[in-house]
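Remarks on the structure that follows.
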Amino acid sequence: MKKQKYNIQVFAAGVLSLKETPGGYFKMKLAASGIAKAARPGQFISLQVNASGMPLMRRPMGIFSANKGAVEILFKAAGKGTEMLSRKKQGESVSVLGPLGNGFSVREELRHAILVAGGYGVSPIAFLYEELRKRKITTTVIIGAKNKKLIFKEGFSNPIITTEDGSEGFKGLVTERLNAACAGFACGSSAVFACGPVPMLKAAAEVSEKHGIECQVSMESLMACGVGVCLSCVCAVKEGMDTGYKRICADGPVFDSREIVWRT
Amino acid sequence: MADLKVKIAGIKMKNPVMLASGTCGFGEEFSRIFDLNLLGGIIVKGTTLKPRAGNKPPRAAETPYGMLNSIGLQNPGVFAVINEKLPFLRQFDLPVFVNIAGNSKEEYAELARLLGNAKGVSALEVNISCPNVKHKNSGLFCQDLGDVYAITRAVKRQSRVPVFVKLSAEVSDFKETVKTAVRAGADGLSLINTLRGMAIDIKTGKPKLANIIGGLSGPAIKPVGIRAVYEAFSQVKVPIIGMGGIASAEDALEYLIAGASAVAVGTASFYDPLTPISITKGLKKYFEDKPSDSVSKIRGRISF
Amino acid sequence: MADLKVKIAGIKMKNPVMLASGTCGFGEEFSRIFDLNLLGGIIVKGTTLKPRAGNKPPRAAETPYGMLNSIGLQNPGVFAVINEKLPFLRQFDLPVFVNIAGNSKEEYAELARLLGNAKGVSALEVNISCPNVKHKNSGLFCQDLGDVYAITRAVKRQSRVPVFVKLSAEVSDFKETVKTAVRAGADGLSLINTLRGMAIDIKTGKPKLANIIGGLSGPAIKPVGIRAVYEAFSQVKVPIIGMGGIASAEDALEYLIAGASAVAVGTASFYDPLTPISITKGLKKYFEDKPSDSVSKIRGRISF
Amino acid sequence: MKKQKYNIQVFAAGVLSLKETPGGYFKMKLAASGIAKAARPGQFISLQVNASGMPLMRRPMGIFSANKGAVEILFKAAGKGTEMLSRKKQGESVSVLGPLGNGFSVREELRHAILVAGGYGVSPIAFLYEELRKRKITTTVIIGAKNKKLIFKEGFSNPIITTEDGSEGFKGLVTERLNAACAGFACGSSAVFACGPVPMLKAAAEVSEKHGIECQVSMESLMACGVGVCLSCVCAVKEGMDTGYKRICADGPVFDSREIVWRT
């Protein structure tokens, strides 16, 4: 019998700290040494917000940092589940499942990375940014938001900010800035890494493809299992001549943008 | 040490705790989380003749203590299952039930011929109760007694291994449905499949599932599953795999007492993948305190 | 001020929020908690020809986000209802629906003759979906299309007031059941009644209900109710009273969008008797923000 | 149109205090002035233990005291609902429905009351005891329990204690003590008031009836609504020649013992 490798863990993780951050997020630090050791940028964990089973499903959260036995997440109190999560207290515990998903893949030849983040997409992008810095890969970071209040830029040096209302940085969407960045770095040793709302990902894909730059997008969906067994989280992908479906939780969340069939 | 061994339709299992079809893929993913050898058995994803892409997303929605799904039987097709999935599962000491779904009696028969004689298959589970595929009158095969009989019989004729027929509780005459399946030769029953349900996002006015209607599962439906198992047990003698909302050893015991010979965990594995393991532990503990009792002895043991 | 008025089968209601049968008695008790005049309507307890003692206790059990009941139609009988209960309700400016249940077509007809012409009755709700009484083959009348037709027709012939037929979702062909009721003359539908379920106390091995099987209600069944209303709305034009797990204005809106003309609150009134009042408030708020919209306009308005 | 009287309230009541007491109970004090004013001994309130709806049903609790705007209850952490209730914190609130039920009826002619309490039945009995003292009605109090540890006797002066294992007071059940008390007070101006497990109530009924003393028993059942609309909480009663059912929540919980059809 083959020796199995149990590389997805599920356990009650202690809440080490929980703080509000700029941009209107909550940053939660969890004691999770196994996950912290194994986690790669672009991977995520899935949290049970309430032991009583209401809500029923776990909530997936990108990994913001993984250091010294702890994993951090950054989240918005968007609905009832994340609301409950935001009221946890230090010392309480939360059941965590992870690390999940494939994560970004950073080619050996990569020299410059253009990172595009929208909304809480900034969380996995921040983890990737740290990783790239360690590997001495230069970066251009573009962060987009509706307005100044929703911007989280902690830890990035000189990010390019775009806001829809112009209250900070450039006015407009990330597209134009990305276009400029791509024009400057259009070669085989650069790549775009994008995480954020689908319209942003789609725009990032289009711009990158136009410039012939590789683009990795981190997709999202409601997830019932998070580990690949339920097939509820799929997105449409090109499979040869056909359209097929891949699981965002297990085959993704990060995909090569050219693989995705964008729904209008 | 309490012994949880059971034997259903001739299949020996270490314990009565299985994974339900469609909620454990073909075992690969959960093998990264726990040792599949700890399971009583696994019922793999619904398998069709040709590969199926499944329904458009969104395919799942959260409901009050339950969930809806409309996966639509996404699977790689019977040949990939035989060539790629079963070999993986053969590494484990684990009875494998293959769940089959077809669009006609002939397809079910063909699936039974292929899988009911394939290496590493312990039994077939005949899914005639999937709410996510369109049958002739957009209903479920199990809602037509004639279909129940014909499909069961056709599968039985082709299969070398025992045949479990999986039914829905959404029928007008449940007892008759159960009896029909057994009359047609079913070696066992799997009860219950999901209930057809729907949810609408009131902000957008859109159904939460692209497929509009899906199957309701999870703790919410447990009372319906218990009732179905109880009613079936009162009608027929074949083994019953009870499922629907099982999340704890207490739930499993409730099913066993209602008349199940084994149980399968579905939705609960999503929010806690270790559910089957903790259920087995819980059952061990329960029977340790009662050495003269056993899983098979408490089957159907309701006090009135 | 948003206007929540609706008119169903010719009956004018101040708002679409009603109380479901069997969960509000005959109004007396709730009149001690809130002003019944705030309701859109009330559907009183299932009424039979003779007084009924109902089933043995225990008659209720808690289940995951739902409950089982096996009251067994305890009621004082049609004459006491006419002489003692309806006069009380006539004090209010409130449409009164009387829920009727019989053991045969003839009993339903007789109830319809007596109640469908009684003072203070706005409509009849014909309960052919009660899981708590034994019918001929221990099933529900609504599980037999012939019975659906015959009973609806018999009631319709006798009643001066509109007739709503109350169905269960536990039928093999729900769309056909709905069409049969309407073909037989139903002026409206009430969807859904409870699902048959069961729970066992694993400590004692006893069913939690003395009657063994009961009806499952509460939030757990909402997706099934939404699906039933949606399917019925796609088949027939009559008004539909949606019910099953409604606990908030959001739930009510989900039913309206699925195709309900009005909604009824059942189980939620038990854990919060003010539920109907807060739903009405919530609906007011919802429509205040959308002055050109209304309860009747959003009926069935699903975006695909 | 008749003027309605809204005499059952439902509202979020603040938790004023929560303490453990002898006997292994929790005593919770709730801010509920309307209920405190109206409540009679033997009535109860019904609490929603969790706003998330799990568990779904309210939990009924006898009223232990009703004073100066506050109502107290005394409860055992018996299962998941009461367990959750026992973890509430001062300052949190709990939705309360009440006052519910009929309560004990104290006849004008009553001169001596024999109070019999088992388990948490001691809670409404304590309220009744206070009321009787105010009305200068003398009492004999008999409290029964499995053992010493389960005895709550706070506030009663000279109660008779019986324990099944003899660890405090008399060894045995309350029956024998009640028999003695009844023998001493068998006349039209005495009555027995009993609250506790059904076998105890049944025994109290038999003893009282044997001595020809009125006996009021407080019954219990799982309650879905608590207000009389669902008919789930019934007990069998003698109705003329027939057996019928009465609602424990609305027609009771207190019944004349002679009315009850005891189930074996």
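Going in written order, the chains are labelled A, B, C and D, and every chain counts its residues from 1.
In this text, a contact is a pair of C-beta atoms (placed from the backbone, for glycine too) under 8 Å apart; a residue touches a chain by one contact, two chains touch by 3 or more.
Owing to the predicted nature of the structure, the values given are computational and were not obtained by experimental measurement.
The chain pair with more C-beta contacts between its two chains, of A-B and A-D, is A-B. One inter-chain figure worth recording: chain B and chain C are separated by 33 Å, centre to centre, where each centre is the mean of the chain's CA atoms.
If each chain is reduced to the centroid of its CA atoms, chain A and chain B end up 35 Å from each other.
With centres taken as mean Cα positions, chain D sits 57 Å from chain A. Chain B and chain D have CA centres that are 47 Å apart. Residues of chain D in contact with at least two other chains: 53-54. Within chain B, the positions touching two or more other chains are listed as 64-66, 218-219. Contact topology of the protein chains: cyclic, one closed ring where each chain has exactly two touching partners. The touching residues of chain C, when paired with chain B in their complex, are 63-66, 68, 137, 139, 143-144, 169-173, 195-200, 202, 204-207, 212-213, 216, 218-224, 226-227, 230-231, 245, 250, 253-254, 257-258, 301-304. Those residues of chain A lying in contact with chain B across their complex are 1-2, 4-10, 48, 53-58, 95, 97, 221-222, 224-236, 242-245, 250. For chain C in complex with chain D, the touching residues are 22-25, 28-37, 45, 53-54, 56-62, 64-67, 69, 71, 74, 91-93, 218-219, 247, 267, 269-274. Per the touch definition, chain A reaches chain D in the complex via residues 50, 52-54.
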